[in-house]
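Look for chain A in each of the two complexes below; its partner is chain B in the first and chain C in the second.
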Partner chain A sequence: MHIMEGFLPLEWCLVWWIIALPFLAWGVVRLNRILAADREALPLLGITGAFIFILSSLKLPSVTGSCSHPTGTGLSAICFGPAITSVVCLVVLLFQSLFLAHGGLSVLGANIVSMGIVGPLAGYLVYRALRDTRVNLYFTVFFACAVADLFTYMTTSLELALAYPAEVGGVATSFGVFFVIFAITQVPLAIIEGIVLALVFKYIIQLKPEIISRLRIFPDEAVRAARGEA
Partner chain B sequence: MDHGFLENVAQENGLAGVSPYVKLAVGLGAILLVLLSPTWVTPLFIAVSLGMAVLLLARIDPHLYVHLLAAPLLFAVLSVAAVVLVTGGGQVFWAWQPVFGFALSLTAGSISQGLLVFSRVLGGMSALFFIALTTPMTELFIVMRRCRVPPGLVNLTMFVYRSIFILSDQVDQVLSAQRMRLGYSSAREAVASFGNLCGASFIASWECGEDLIRAMDARCYEGRFAMLEESAPVHARHLATAGLFLLATSALLLATATGSVPWGPA
Partner chain C sequence: MRYRLEILTLVAVFGFIALFLFTTVAAPGAEFAGSDSVGSSQIAALTGRDMASFTPLVPQWEPPSAEIEAALFALQAACGGLVAGYIFGRWKGESDRNRPG
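Moving on to the complex of A and B:
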């Protein structure tokens, strides 16, 4: 669920664009560096973008009865890091607004900050913190992806609250109201997204573990242990 | 194959002969005017006029258009309701304060703000639909390249575009197969099937990427994705119509903002 076109006042659209731009610039620099070093990276990044797009256009099993969808950005942050993920998200969000009318163009900056920067960054930090510990690989993926999803919606709530502070209690109250509305669907959804993406990892590790090794997502020993080879 | 993407409609719309620059100027200009408007009048005018343009000039199916607008507007109603309840100002019609520091209320100020936000979403979404339904992505790539967007980003965008259609076919096939085998018959089954679907599509995507590299190597790829950089030329008639629309809308915005018409701000 993204903020839709016209929902944020102009000044807040500009603020979120200004916050998003340095990250995007950093992402483009990283993208160019990666492309210069490894020409095979472009199709893989393109495919990742398409994967996030398809994932977020699929509806999750309607356990909560909501029409929400996974963001898939946690997976991209684990595989390619937060900088590249922000650029991939820019492209995905642009396609989502023009292909599916999800989100919008003036609010693209705000949606990039929530879905492309804060969420993936939070997920990435969780992944880095747990990667070299004894925590099971699938739990690491679960936590990283669930946290990325939750932080995305917390940031969206904050963006809405800053634009429309409550008369009593200001931004904090407004944040509470928006977050409660989101939390009804998003907390179960973040857990389901974590489980689904952990299952995706299980599937990849069973069928194509060389992807994990090539991107150096987890140490080879951890992958072997997850395959039951250790 | 129909994926339900607006892109499929945009490829065959009645405004295909109009330059993408003109269509983007109208769409983006309208979005800016919607955001600048202090009253609901200008966004509503934009929603009606761009809606008419999409239906009559671009000849988009009215059922499709109503169906497309219904989903975001339903979400807008819920979000605007939250805005109306938390914000305040002016005469109070109803208020509820269950705990100190938290209150919900219906006031003259919050209702008028809710109306403004809803009209902005309506106008903004109409402008977004105008771009999405009349301008295919292939035309936007040309505009991006001419506007000097970094080449790495343009290439990435083109790869994502190409891959979306390949992947979505694969996902459709796996999803039908899973549904036929009752893969979504219970919540537990659904989560496992969905995980398998995503895993299978990730691996399929990866293999697609590897195939693409091999295919591009065979065609001497040198870091620039070739495309036919031709788009419809800018006709004076189209430019004049777009200019007239934006001027008329700006005049309406100024008139409502300064209070020279009855629906101006109080």
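Moving on to the complex of A and C:
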């Protein structure tokens, strides 16, 4: 999903930075607030951040004959919301910009908006919609994580389409072209990512159910049912 | 079933591998380039510009070889793995200590 350095006009780089910065500032405030209220949230933040590090480093082949990588942001979005997730993504994307030449500093704002804001926000909305329903807890995690992944790549497609509208058909045509490159490639990876992160969440619930309850990520009854205690 | 999610994950991973193998057979010429590179090539095609004309707005260090790039990606994954392993290990230890009996 990385837009490469130099591949986005300066005005669009500025637009995406202007959108990303308030979100990042809000994320830092929320992060300080959560950690001040409960230091036990720190290991959970470490786990969710660690999986963003791991999954976003895995380049996997896909059905379209190209490679792509999962994002891993859905779990963080579920546990801490999209604002804090954007801060974690800033760290990951900065590492990749500085040491891997994947992305870049001028396009960092655009990459944060896709991977750190819109994707996690979409996943968070799915999680919020399903959280208090009878839908299985692990299916909720799976679905939210898969949606977060897919929306990241759809946003990248939109960012590029806005910057490079096609001569015939404009932004819509261009979006279609980038959508095939990014989003279609991503479908199988998003499904795998959703399943893997649901499994990670199962281990979190088995080992540290109290943190899930204390941060009110899922209702107590749902956590007990997931642990087979209900 | 206690390990339903684990089994489902294994099935999904094997399904994914099967899909990849099917693609390599169905499309023997596929290069499996990164979608980032394919997207960048598409920008060049849309604008009618040469790839080399897209120069970084901010100077950027690039890994000197593909091997070093792969090593740095592995380092990134290893950092995440270390943190996740440490925390899960600590939680498992706490959980075992707190188990009655």
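Here, the second predicted complex is superposed on the first by the 195 of 230 C-alpha atoms of A that agree within 3 Å, B and C clash if a C-alpha of one lies under 4 Å from a C-alpha of the other, contacts with A are read in each partner's own complex, and residues count from 1 in each chain.
Basically, a residue touches a chain if its C-beta (ideal position, glycine included) is under 8 Å from a C-beta of that chain, and two chains touch if they have at least 3 such contacts.
Keep in mind that this is a model prediction, so the values were computed, not measured.
Participant: Once chain A of both complexes is superposed, is A:96 in touch with chain B (first), chain C (second), both, or neither?
Facilitator: second
Participant: Regarding the shared-chain residue A:188, is it in contact with chain B (first), chain C (second), both, or neither?
Facilitator: In the superposed model, A:188 contacts chain C only, not chain B.
Participant: I'd like to know which partner A:176 touches here: chain B for first, chain C for second, both or neither.
Facilitator: first
Participant: Touch check for A:156: first (chain B), second (chain C), both, or neither?
Facilitator: After superposition on chain A, A:156 lies in contact with chain C alone.
Participant: Touching A:229, do we find chain B (first), chain C (second), both, or neither?
Facilitator: Neither partner.
Participant: In the superposed arrangement, does A:138 touch chain B (first), chain C (second), both or neither?
Facilitator: Second partner only.
Participant: Thinking of the overlay built on chain A, is A:28 touched by chain B (first), by chain C (second), by both, or by neither?
Facilitator: After superposing on A, A:28 lies in contact with chain B but is clear of chain C.
Participant: Touching A:46 in the superposition: chain B (first), chain C (second), both, neither?
Facilitator: A:46 sits against chain B and chain C alike.
Participant: Overlap the chain B and chain C contact sets on chain A and report the shared residues.
Facilitator: Overlap of chain B and chain C footprints on chain A: residues 1, 4-7, 10, 13, 43, 46-47, 49-51, 53-54, 58, 60-61, 63, 92, 95, 97-101, 104-106, 160, 164, 166, 174, 177-178, 181, 192, 195-196, 198-199, 202-203, 207-208.
Participant: In the complex of these two chains, what residues of chain B are touching chain A?
Facilitator: 4-7, 28, 31-32, 34-36, 43, 68, 71-72, 75-76, 78-79, 82-83, 85-89, 97, 101-103, 105, 107, 110, 113, 117, 120-125, 127-129, 131-132, 135, 137, 140, 150, 152-153, 155-164, 166-168, 171, 184, 187, 190-192, 194-203, 205-206, 208-210, 212-213, 216, 221, 223
Participant: Would you mind writing out the residues of chain C in touch with chain A in their complex?
Facilitator: 2, 5-6, 8-9, 12-13, 16, 19-20, 23, 27, 30-40, 42-43, 46-47, 54-58, 60-63, 69, 72-74, 76-77, 79-84, 87-88, 90-92, 94-95
Participant: In their complex, what parts of chain A are in touch with chain B?
Facilitator: The contact residues of chain A facing chain B are 1, 4-7, 9-10, 13, 28, 31-32, 35, 39-40, 42-51, 53-55, 58, 60-61, 63, 70, 75, 87-88, 90-92, 94-95, 97-101, 104-106, 160, 164-169, 173-174, 176-178, 181, 192, 195-204, 207-208, 211.
Participant: Show me the residue ranges of chain A that touch chain C in the complex, using the header's touch definition.
Facilitator: Where chain A meets chain C, its residues are 1-7, 10, 13, 43, 46-47, 49-54, 56-63, 65-68, 92, 95-102, 104-106, 138, 153, 156, 160, 164, 166, 174, 177-178, 181-182, 185-186, 188, 191-192, 195-196, 198-199, 202-203, 206-208, 228.
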